[in-house]
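Heads up, the next two complexes both have subunit A, just with different partners, subunit B and then subunit C.
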Partner chain A sequence: MATGQASTKPPDANEYGGDEISALVLDPGYSTVRAGFAGEDVPKSVVPSYYGVIPTDSGNKILFGDNSIHTPLPRISIRNVMSKEGTVEDWDTAANLWEYAITSRLTNAKPGPLAYNGLNDTENDDVKMEGVEEQEKPLRDNPILMTETGWNAGKDRERGIEIAMESWGSPAYWLARNGVLTSFAAGKSSALVVDLGASSISITPVHDGLILKKGVARSPLAGNFISQQIRLMFSQSQPPIPLTPHYLVASKTPVDAGTPSQATLRTFAPNTEPDHSFRLFQEERVLTEFKESVVAVWPGPGRLSGHAQSGGTNMDIARQHPGKPFEMPDGWNQMFGAQDRYRPIEALFDPKMALSDADNPQPSASQTVGALIQSSLSQVDVDIRPALLAAVVVTGGSSLYQGFTDRLNQELNLIYPGVRVRINASGNAVERKFGSWIGGSILASLGTFHQMWISKKEYDEQGPGIIEKRCK
Partner chain B sequence: MPPFKDEHVLIISPGSQTTLAQLGLPESFTPARLRIPTRMFPAEKRGEWEPIKVRERRTTKATSRDALHGHSGGDVVMGEANGINGDGQNVDGDQEDEILYEEDPTNEEGAVYPLRDGRVADWSCFFALLTHIYNTLSPPFHTPILVISQPTWTSQDHETLTQFFFEKFKTPAFCLMDSALAACYAFATSTATVVDVGFGKCDVSTITDFAINDPGRAVGLLNCGGEAMTQRLLELLGGKGFTRDMCEQLKKNPICEVLPQGAELPVEVEAGNPAAAASTGVIGSGDGQRGSITAQGAVPRGPGPNTQAGDADEEREFKDGEDDEGVLDVATIVASGKTSEFLARKEREKAERAAARKKDAADAAAASKERALPNSKRTKAVFHFHERRPLEDLNSNGKRATDGESGQDGAETKRQKTPEPGVQNEAQAAEIAAAVRKEERKEERRRNKEGTAFIRKTVEVGPERLQAASGGILDRIADAVHRSVLAVPEVNKRSDLWDSLIIVGNGSKVKGFKEALLATLTARYLISPSSATIFSSELPSNFTTPVATGANTPQPQHHASHHGPGVNPLLLAATTASNANLAPPGQSQPQLHQQLQQQQYYQQQQQHHQHSSHAQTPTSIKVLKMPDYFPEWKDIGTEEAGFLGAQVAAKVVFVVDQGLSKGFMSRTEYNEMGPQGIHESCL
Partner chain C sequence: MMGSDARDVMGLPSAAPKATPAKVQKPKGRGPTGMIREVLDLKYEGAPPISIVAPKFKEKPKLPFKPRPWEETPFGNSARKDGLILRHWRRKGDVVNGGSAMPVTPADSNAASEMEQDDKATPAVPDSYWAKYNVKVERPQYTDEQYETHLKSENWSKEETDYLVDLATEFDLRWIVIADRYDYIPSEKPKTDEDSMAVTLQAKPRTQEDMKARYYDVAAKTMVLHNPLSSMSSTEFDAHEKMTKYDPIRETQRKRYAEQLMHRTKEEKDEEEYLLRELSRIVSSQEKLSQERKALYDRLEAAPSSARAESYSTSMHSTSQGLTQLMQNLLTQNKNKELEKKEKRRSLLEGGETAGPSSFHPMDRSQRQSLSSAPHGQRLSDATGRRPLTQQEQRKYGVSHPNERLTGGIQFRHERITKAGQAKSGVQTSRIGAALTELKIPPRLVMPTAKVVTEYERLIESIKHLLEVRKVSEKVEGEIKVLVAQKEQAEAKDRGEEIKQEEGQSGGLEEGETQNEGEREGDDNDEDEEKDAEGEKEDSDDEEGGRGESENDEDEDAEGEVDDNVVADEVRDLQGDEDAEGEEQEDEDGEGDGNENMEEDAEGENEDEDAASSRESPAPTTKSEGMHKRSASVMSLVSNRSSKRQKK
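So, the complex of A and B:
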């Protein structure tokens, strides 16, 4: 098979620029897109996957990047290029967003024609190169490694290479599963990757650097779900807790805990108010702060709804734990008791504890972390299960809650008594947040990986279908 | 490789408006010696650039002493063009219809600014500028170069620059240093939130342990720099005959101030001028503000403010008229035979004048009363500015076209003179430079007499001058600071970042800007000590909640609180005061209170005087003070502190450790790795 040979034979140096390449790694997620050069330890460019849309007479104006989407511009609305499944929904905008992520911080079109850029000071100027001035493609010199989720399938897998080759002019491309990359970042070739992102939790069994596709399991009980739980907690408390984002507050005055805020709110002239989606997006920033400073995982033993050995419920014990104060942007503040701190995230382990209303039904028992791991392991070969359990890699921004890994360890020990379970979670928040990007950075900078790249030449010969053959 | 010496180090700090550079590290680090505008003028040949505007002029008779003689085509090259200006070359006056090329250092027409919003918009122009700076300073061959890089530059920009410096100047060592990091070096801190307010944009960077946090870094916030403030002033004053240039000068004038958020604008109270009072209106704080001001702009004002009081010539004429007043042609009056009539009229006039004078005195008294107020409380202020006279007027009179006001612009451009080649000795060079400067000053004085390109004018400005930052710029920067700090993944570092704010960049030079930014941050984001913590947290649950009777409320004793008055003083005392000062004056509920105090005391011991158990930030926001090791920087302000940091870094990187810590890229490394190697060894 010709293609099989191609992957083992090193391509010619001029096909991808030889050893001196500056490969890019692009890791799109639901909440942010991570981009950076291979070989670096942190992505230089982290851009939200959310983008702003301003309706104008001549079509929609689209805004990318943190600098522009947080300003309450008239009638701005916020959208996301990703679907709730964690896969790309709006490819055209996504391509522009990714290009923005790359060109804003990493690379841009080459400086003007060599004749005039001062790099070559030549005396004769008779060669006028008018044609060279046309816009060069942004990634002419950069091979690009992109990541995809474990459940990405079909035509969606081919869109990436089309964008990279056709619109960016990239010389080489590779598509990798983010679960595999996370296990590389943790220094393991076989691992059970537990990824808690914004839109979904996913379990990816990786064996010898290859994804075990059957074993991939996921559920939506991730960051956005926890935010929704906090919103429900706020609205169901007595009296309801107001959630006012920063941009609406003109000035605030300190008030006593629990008393209504005395802030002056900003008002917008009619027809210039930002869209409701903008408000939700800004509220999310407050919720993120709340998650970081208040929410914690019930440390056990047992579940929050369970009974303690000493008698009484765990809820009673939780009430004696110290609370944490939180102040809203409008000055409203309250001490959140331990039961409130543990509650929003408990549903990840115990669906009965989830708050629910008409729009947010209770999650099913099969969606919890424990159940997902169980169903994932049940799909893989029985021989490798112990090895996977001995290398559980935890990653993703939503795994950073205080006490999460300890609780997961407890849960797994309950499910698999007698099996050695080892949780591998970096203590460094950066490594945890950008796990799959870091894995991609490692992979793309390996000398032995160079022969893996799909070069432009191969793409031209075989078309986007080459992805299915090469990037398994 | 021989070691680098202090006097050979070249530092360049490119900015969108002004580029700073210096050759040599002095004993005590000084502000940059060379300040030149970041702009070049396209030369006749495409792709070549001139540092100073060269104008083409057709004359029938070359009368100008300084006009350049018949430079045709593209042979007006940079270095040469520099040296010729002001040398007093005489041109033969008998040529007819000749094209003359003359330099015009005050003209900005057609200038290309290679950096726009921090990004390199025109590489060819940027390279020409760097070459011009290099040639101006003419460093010896063994010169290491440190360039302060803008946060907006991409990795590829870094490579392009590296390539340029190594291949064009054959530098033995090159270092790129991030501007935010440079500010940290200047402030001698390893952790800081750096707010760099530039010309067109603002950058907010968080730095922990000398490492820049790239994710979440707010780079190149558009419309948040000095230019945004000028534009805002133009928007407010444009209807009153202000030009952009006037607004720019107004912004730099001390009468232009940025008031902290919520501060009320001064309101005219003179009862005698109802029109003015109505036009100023009652300006509410907060949101209504913006609306009422735009409304205010539409209302016609009295003749008082915003009437231009003419230029110097007019004033002189006026004075002359006054002098003439007393002189009468007695003979004519007597001859006409109407002496008594004339005298009566004269008397009447005198009385009128006296009355007028009285009124003037009253006005003056009111004015002086207002003058006693600080600028921010006055409704209007006198604004002196310079207007550029069209050059053609001057030239046609045969006068020298130059900046009469001389001030900085003149000095700046003058200093770019290329030192005579062959001058190696530093002392000698300095001597020559001093002599040249003396000469220049003389020349300027002479030109001032001859005629000027600028006219000094005076105009009154209303409260608009206090609203330069009212276009939302403070809100946007504050939001970026909040966002950047909250994007730092290590939650425990955030508190430190809030406590070490650094505000640099010439955009922040506007009076009151830094204070207003700090006030905005404090007002919007500061977390007050929660009253919930004191009664319920970390106390055993069998404690009854004490009822606040007020009788036992201890007063905070020796700390000034920066929190608003709305916070319970007991709470402040408990959460922020150092221990032991809590003894209540009365002991009506001794037992309970003692227990409570012990508990609080214990908590304070554990928490090192921070608000109890807040994981949320910020509980305090502070601006860092620049250490005053370097006397030269004391009066100059901290806006260009980055340049000081760059000198500190250059000293460490090039001279002290000579490359041991890989602080720069050497020529050998460049030859091995190419431009990409810069990423491994730049600060």
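So, the complex of A and C:
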């Protein structure tokens, strides 16, 4: 009956091998979109998912890439192609952004036949141009593997193949869940993937290389939330800590810790001021810097709000931990005590510790990492729960906080005292950030994956609905 | 620099065409310092140290192969139905992947023709190496009719069954995934009964167990439909068995337990861990124990090493070769031992007759040590970790530690049995045999274990004693009768009537028997009786026997002779040496000699036996026997005297 069951005999070493077909892997995320050739270690092209819009008389001018969106161009506003959910929102711009990400670094724009390269244009011959178009599509030689979130559903799943097949002319396409790919990158076919990105934390149970949809759990307590917590911490501290992004600072002089900054701020001529969204985006960069250098996870035992066994609160103990200095772009600087360093991220484990105001309500208890894992596991078969807990794969940029994995381990051991929990997190920050891309790179370069691709022909015959049938 | 210097000195034109390259070359590589120049001058004795090196580009490496360009090679994949052509980089001229072109078989013609329609496709693109990994689960096939007749279920509509079977096939029976993706939406029924159906048709929530149960049921039944049980292969049958045995209720229960297990508290977990540790500890120690036991058994079963050849283990002598070797050993040892024995006896006699068996212990031990190195062996064995046998094991393996006389050397039990049953005289032997048959003991023991044989020997011993006693009692009775008769005769001289009366009484039943016995004994000559005596002495130190013997003797021997005997014996013991040599002859002589040599014979035989087989000291027994003999003879003397007195 079960002829499809894997044989117990190990395959010949030769049979593991990759067989690269110049496939591209495209992994869009809320903060960045990662693109690169399958078979490579890291994505060669990492482009912000944010893009700049400059309103002009003849419509909006759209800017992509780090080089242009950080320049305070007149009236520039910053938008993101992704929704707050972490799924693609603005498909048209996204398609252009991705194309930019691919063609700017990976493939060149294909030169057309000389007769039609524009230099020899005499008069417009529409019929001929039609035929040429096919040739000029940027990815006509590259199969493309795209990633999606575990909760991506419905028509959104079909948009990718439409873009790839119709605008880019790809010969083949595949859509994979990023959780599954992350587990591949960790060398596991079954795993519980904990992804802390910018927009959301997501838990993805993966079994035998297939996502268990009912087990997918997510909450918005990720990078953006932590940024918000830091903002609240800054604004609620006495006196409030000013947050001035780099572009506003024309010059600065060093000041003592805690004293107001002495910097000359840049001024913009009326009507050339960048949009508020530009300022927020630039502030975000400062916050990411702050996250990377200052914020850390309370190492436990217990929670930051809890009481230590030796008496006293953990908060008191935290105060004795070493602090870290941080200097704002305008020169303001201060030593941040450990209680402040632990504070912005504690809400991921303990919602009561979240800072809140009118616009930012406190998260619910079901949104913490522990609760998410618990609810995810409750949706999968009992038989595989211990196996999943023994293969917890942590990925995503927001998992890079110092002490995060240890704390997660503690939390899980508290929830499941009787089960062996093993956390699998790459020590390499690049691998952690690009986990799902790397998994895609592995998958798309496998010889055995050749038969999986959805070909242009299949797409032409069955339409975009083929995604539902094939990419389960 | 050097070149130009030299040229300056020699007045040569400075820009010689050959020198130029040297000039260029020099500063690059090995521009000699002043020091080196001096050294070089010394070496070449003024020869101009000009090295002329023509300018040379780095040589083009000669590669043993021709460069082969990489080519972006298109290839197909027979596992695909759409004829997708992908490209990968391959060395020009390499055999691409599997090498085989895409097969265009009739079965594949569909795909092939499609492929040809594809403008990119070329008929001979090579097949992907990986195509062979496209394996799929077989879908259970059933027709509508078959479904109606065999597979109908109250719980499952055909539609949902189809959905389930499709899904199961799709996910290759990964039930966890199937249960995760299961999302059956009942299709709209025809519009006529839409209202009624819309309410009733609600997708039932299905657990993984429900799905499995249904699928296995369907799959098993279709399997039988396509291939009756009788003609199934064993693997098919196994699969069928497994599917029919699936019990969803038990599975659900098991999962409930599993879930409970996951939510154990820390304490419960710790306790369980502790118990598991204990268990593993117990198990491991038990393993160790059984291993040790096994090692012991191995050791017991293995042939003893040559170092232990001297020990009393008989197992090594179980082969004929071993036996002959043993014989050899014993013969050589005999010589030594005989000497020792003589020594011993002499010292014993010197030590005085009063010295009991105990006085032999030191000798005994030293002898053991020297001859068998048994204590040494013991130490050795301790070193190798052999543990001493328990009482029970000793009994089991027939190990004994005789501190008394040991019939030396190897000895087979069956020999002991036959020997026990045989007395010196044929008459005695037959009598013992008769006694045994009377006791219903077979002449050949059924189960001659060590214990049984010992008992058997004891029995024979008792029989012999009883026979002796009977003989004696008969004789005494006979004597009494004779004496009474004499007395009566003497009295009859006074009163003739009374004698006749007495005779009439003795002619009764008892009298007749004894007389018979007496007659039989009478038939046996002296030699026979001597043999009897010897047998007794050999086997036991029975005083009664001795007495019987001596009384027996007494009939024929004069009082003086007996006295002489004792004296002679003592003298001989003192002389000692005589015994040691030519025992056999002495033995025979003794037999021929009759009474006079009786004691000597007895002793001689004992020694004979000892010499033949034993390394163990025979001294104590010999001595004690000698003592017994002596005491026996003394007693017999006494009795003789008394009887003579009586006679007188």
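As a convention for this text, the second predicted complex is superposed on the first by the 425 of 472 C-alpha atoms of A that agree within 3 Å, B and C clash if a C-alpha of one lies under 4 Å from a C-alpha of the other, contacts with A are read in each partner's own complex, and residues count from 1 in each chain.
Criterion: a contact is a pair of C-beta atoms (placed from the backbone, for glycine too) under 8 Å apart; a residue touches a chain by one contact, two chains touch by 3 or more.
Quantities reported herein were computed from a predicted structural model and do not represent experimental measurements.
When the two structures are aligned on the shared chain, A:V380 is found in touch with subunit C, with no touch to subunit B. Of the two partner chains placed by superposition, only subunit C is touched by A:P143; subunit B is not.
Subunit A is touched at more residues by one of its partners, and among subunit B and subunit C that partner is B.
In the superposition on chain A, contact is made by A:P322 with subunit B only, not with subunit C. In the superposition on chain A, A:R266 contacts subunit B only, with no contact to subunit C. In the superposition on chain A, A:S22 contacts both subunit B and subunit C.
When the two complexes are overlaid on their common chain A, residue A:Q451 makes contact with subunit C while staying clear of subunit B. Once the two complexes are overlaid on the shared chain, A:Q334 sits against subunit B while remaining clear of subunit C.
On subunit A, the patch touched by subunit B and the patch touched by subunit C overlap at residues 20, 22. By the touch criterion stated above, subunit A contacts subunit C in their complex at residues 1-5, 15, 19-22, 141, 143, 171-172, 207-208, 210, 212-215, 380-386, 416-419, 446-448, 450-451, 453, 455-458, 461, 472.
In the complex of the two chains, the subunit B residues touching subunit A come out as 45-47, 120, 122-124, 127-128, 131, 154-157, 160, 163-164, 167-168, 214-216, 218-222, 261-262, 286-287, 472, 476, 479-480, 482-483, 486, 489-491, 523-525, 527-528, 530-533, 536-538, 541, 563-564, 566-568, 613-617, 674, 676, 679. On the subunit A side of its complex with subunit B, the touching residues are 20, 22, 32, 34, 37, 40, 42-46, 66-67, 70-71, 103-108, 110-112, 115-119, 121, 125, 246-247, 249-258, 262, 264, 266-267, 285, 288-289, 292-294, 319-320, 322-327, 329, 331, 333-335, 428-430, 433-434.
Only residues 72, 77, 79-80, 82-89, 97, 118, 128-131, 133-138, 170-177, 179-181, 208, 219, 223, 239, 243, 255, 258-259, 261-266, 268-269 of subunit C touch subunit A when the two sit together in their complex.
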